[in-house]
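Each of the next two complexes has chain A plus one more chain, namely chain B in the first and chain C in the second.
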Partner chain A sequence: MKDNEVKSSTAIDPAAYAAATTALRAEALRLLAAGAAAAVVGYRAGRRGSAQPFVATTPEQAAELIFTPACVNNLALYLTKAKKEVSRRGKLAIVAKGCDLRAIFGLIGESQFKREDVILLGVACAGVYRAGISGAPSLTEATLASKCKECTVHVPTGVDFLAGSLPEIPPMAAEEAAALARLEAMTRQERWAFWKEQFSRCVRCLACRQVCPFCFCEQCLCDRNRPQAVESTPRPAGNMSWHIVRAMHLAGRCAGCAECERVCPMDIPLNLLNRKMAQELKTLYGQEAGLEVQEKGPLTSYHEKDDESFIK
Partner chain B sequence: MSKSISEKNLHALLDRLITGGARVVGPKRAGTMTLYEPLAAGNELTLAELPRRSSKETFFPVCEPILAYAKEEGKMTVTDVDLSALPETVLIAARPCDAAAPGILDAVFSWDYHDAFYLERRRKATIIGVACTSADDACFCTAVGLNPGERQGSDLFLAPLQGGGFAAEAVTAKGETLLSAHADLFAAGDGTALPLATPGAAPLDLGRIKTWLDANFEHPLWNQYAEICAGCGACAFLCPACHCFDISDEGSELKGERRKHWDACGFGKFSLHASAHNPRDVQPQRYRNRIMHKFKYYRDKFDQTLCTGCGRCIRVCPVGIDIKEILDEINSN
Partner chain C sequence: MHPEKKHHTFEPKIVAFVCTWCTYAGADLAGTSRMQYPSNVRLVKFPCTGRIDPVFILRAFQKGADGVLVSGCHPGDCHYMAGNFHARRRFAAFRALLDFVGVDLQRLQFSWVSAAEGGKWVEVVTELTERVRQMGPMREFKELAREEHWSAQIALPELKEAYNAIP
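Our next item is the complex of A and B:
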């Protein structure tokens, strides 16, 4: 009994994930068999204990769907025009963790598709693995992604179907908030030096852009060369411009799925930038991205009460 | 006669090369990871893990200027890069999957066009390979004809010994020259080598894969495996063998550079025509090019495979695309 107590206070019970998998398979099977969805965008198991995005199109494929702590991807990406080869299949059902759902609501708010165009298969999620985990270790403070330790949307709402239920989650240190606090405590010069160092490592593989549900521009400003707005070669000045332009473009839109940070091969802590922007938006306009479908974000709308003190 | 070198003497060798003006590039701790970077001293060398990026950047940098221009008083001057200023380079402790790659790339960089930037760096470089003693579940060098003790591409080859130090073996004349020039740092005898890594990937039938690729430019497999591809360049950028680059003119009307920088076939812009037509319109078509280039086109042209099985693309892929899984599938067809 005592052993169990210790266990429950350190690791998250994997049974909840297995239950969610069973529920998702049954619902996907129902939707695909009835023709209610042309495809179900979910996850399937990879060769190395990993999970990867999967587009199930037949009732048989419904049985391949899984939900495990390795299901890290934000699948909202596949609803955007950047992934037209998926979205043009017809009506899609999509598996969404709470954090992914925020991006989906954001995309609906930006008129990328309509709520009724998509079937939302929400999944109660206690958390997913941090980057670099292989195999299937137990889900503890050491293996859990930072974003999950401060998650406020474990159980998605406003969905068409909810799979699984939330297991007990032990208290965990808010490491990302602590990292942000350390950055905020720096002088401007120190902070500039910090980001300069971080961005100097960027090789411009653009993984951050390509996995971001909100980077759906068909012509990215940063790809333009006539005239060139941002240097596209991986050099310090252009790298700095690229990441700052991206942070500004995501302000008020990014809902904090932290996919950009997870996929960065150079380990640049990009979500700290996004989170800082989100915090500013909350302070200035009381807005939080993706908690509900909004027609306009604070940076694309005007209110008489808006703070104009910055206009000198 | 077999030789060996202690870790201390290896560091002393590197210090001596650095002091002598050579650029010594090797695995070095860089923040949260290990990268092949210029070493300031021999003791910066670390063999603990496979560097995050391959060693191709020793010869083919992420970005380099290929000319500079300036306009002064209405007069434009264009300056070439002085390649003679490139330093003699020693690449130390390249794992077999990295050491083998430059030899494969030489074919394309000296084919119809001779890439002076790459070739001059290659001419001035000596590669010291190191036997690999740790593999993970993404490693598959043994599937593509290499192995953790492979000497291909190395001028000098080191094998870690039990109790420390390395057995040293000259593989080429270049390696022999380096070894004899610093003979005082090497001892006779080779000791007992540490066991090699065991990647556990069975050899693929690369001829069979090529035959399948010859016949299946159009096949449902591409969509099945690559519909989810997000279209970034992480796989290509970490790959020891991917070598596509773009050329960009950057700067102002008055001053600037023409730069050669890494490109990737996963990018939507990669094959975008000036007319706005893109022959590779969707991501599975772009991913198909990655496999075709590595296992068909490069064999057609140069009779070599453009993959060393380092596994970096598998580890880094944001959406978990696993080239080994795809090759296994093709191999079994």
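Our next item is the complex of A and C:
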């Protein structure tokens, strides 16, 4: 099982999270009392130190909002078509960490909603827990999610309100970059063996699809069976195609919130695929997803002088 | 007279996804000009390279193709103005993904063949067929398709044995 033990390395100061909570509550109260927002999508405390997504609709409920290292969910999910009941309430305010904000900008770029339809409550976030952490331990290298160790968007920009300030973050080893480099250094056969082993564990619960803000298609290609593009049973062949198709459909769009990897019950390192594609598209076409609202992503635009060295 | 046909121990299956305006017409020209090219290639005609979803390539490999060729109009010649420009980016990304997952890119060829390039079509097809022939059959996806799912909890030898004993 996961290593829940808190190591003695320097912890991130929890005071910053408390300050962000206070600021968020005040701003949510102001917005809800003034009627500027019909609802505030944020987090509230769950059991055993966890946090859960929460839609505050009355000024009284604003006091329930929190921001802690347990606020792992990407709330951008509540803005897409999948959660119509939320967006029908009226103008929404939404709490966004830097990584969530990248997804929100991506969704605006894909015309899922308009920038003026949402009030963005950014939070300066030093990082959140990795999957499988309970009981609110202090935030150290052992308990921090690997995506947060390489985060470049701790303080969100382009938001309507910024809660909290960034505490000092001790230097940490870049786990994901190291894993990616290790895979890239392998031979082709070794990579195939690695992914075959990983994907063969997949039980096709499709939690990765359910939790992804960008998987908002009303009908997924992978659910269609006439013609069937991807075998729907959790057998190795279908698993391989599902994960390749998933990575391909997210290429140039995924902003790296790593929610897919967090929710995966079989611990498949899905974010490695997403990161690889993002890295590849950045080197090829110099575009990164979600840093600002972009009308065209790298795979929905083109340049006449694009590289075609691989085409005969 | 036709030159005498060589007999090989392995005849690769090549699937070619081609656009109807350029490469299909190019292949047609090769045919009407009586040029010889390997009959290993099976053509699937699409309106445009922009219509060719990467999942088609994946499916071809899973269903037993040893090599895949994707071919369309030269940049700037697309019947729909920009279909091949979009396809070019998509396939560049897809190649990178396949390579990362561990698929041999030598089996996947992209080319631009115009309606006037019957000769180039013959050349591309012959080269890919011979290359894949040298490499032998594509085993990875076929083996994967034959495998069963054993999630970590139930991957017991006796259970596998019982499964394999099912007639």
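The rule we apply is simple: the second predicted complex is superposed on the first by the 303 of 312 C-alpha atoms of A that agree within 3 Å, B and C clash if a C-alpha of one lies under 4 Å from a C-alpha of the other, contacts with A are read in each partner's own complex, and residues count from 1 in each chain.
What we mean here is this: contacts are C-beta pairs under 8 Å (C-beta built on N, C-alpha and C of every residue); 3 or more make two chains touch, one makes a residue touch a chain.
These numbers were taken from a predicted model, which means no experiment stands behind them.
Colleague: If we overlay the two complexes on their shared chain A, which of chain B and chain C does A:E85 touch? Say first, second, both or neither.
Modeller: first
Colleague: Tell me which partner A:S165 touches in the superposition: chain B (first), chain C (second), both or neither.
Modeller: After superposing on A, A:S165 lies clear of both chain B and chain C.
Colleague: Can A:R48 be said to touch chain B (first), chain C (second), both, or neither?
Modeller: first
Colleague: Is A:V203 in contact with chain B, with chain C, with both, or with neither (first, second, both, neither)?
Modeller: In the superposed model, A:V203 contacts both chain B and chain C.
Colleague: Would you check which partner chain A:T152 touches, where first means chain B only, second means chain C only, and both and neither mean what they say?
Modeller: The answer is neither, since A:T152 touches no partner chain.
Colleague: Of the two partner chains, chain B (first) and chain C (second), which one does A:T140 touch, if any: first, second, both, or neither?
Modeller: neither
Colleague: Just to be sure I read the superposition right, which of the two partners does A:D267 touch: chain B = first, chain C = second, or both, or neither?
Modeller: first
Colleague: For A:R235, is the partner it touches chain B (first), chain C (second), both, or none of the two (neither)?
Modeller: A:R235 contacts both chain B and chain C.
Colleague: Which chain A residues contact chain B in one complex and chain C in the other?
Modeller: 201, 203, 233-235, 266
Colleague: Tell me, which parts of chain C touch chain A in their complex?
Modeller: Per the stated touch rule, the residues are 53-55, 58-59, 62, 75-76, 82, 85-86, 88-104, 109-112, 124, 140-141, 144-145, 147-152.
Colleague: Touching chain C in the complex: which residues of chain A?
Modeller: Residue positions touching the partner: 183-184, 188-196, 200-201, 203, 221, 229-230, 233-237, 239-241, 244-245, 247-248, 251-252, 266, 273, 276-277, 280-281, 284-285, 298-304, 306-308, 310-312.
Colleague: Show me the residue ranges of chain A that touch chain B in the complex, using the header's touch definition.
Modeller: So the residues of chain A touching chain B come out as 46-48, 50-55, 73, 77-78, 82-86, 134, 201, 203-207, 209-211, 223, 225, 228, 231-235, 238, 259, 262-263, 265-267.
Colleague: Can you list the chain B residues touching chain A in their complex?
Modeller: 30-33, 52-53, 62-63, 136-138, 223, 227-228, 230-234, 236-238, 248, 250, 259, 261-262, 264, 267, 269, 282-284, 314, 316, 318-322, 324-325
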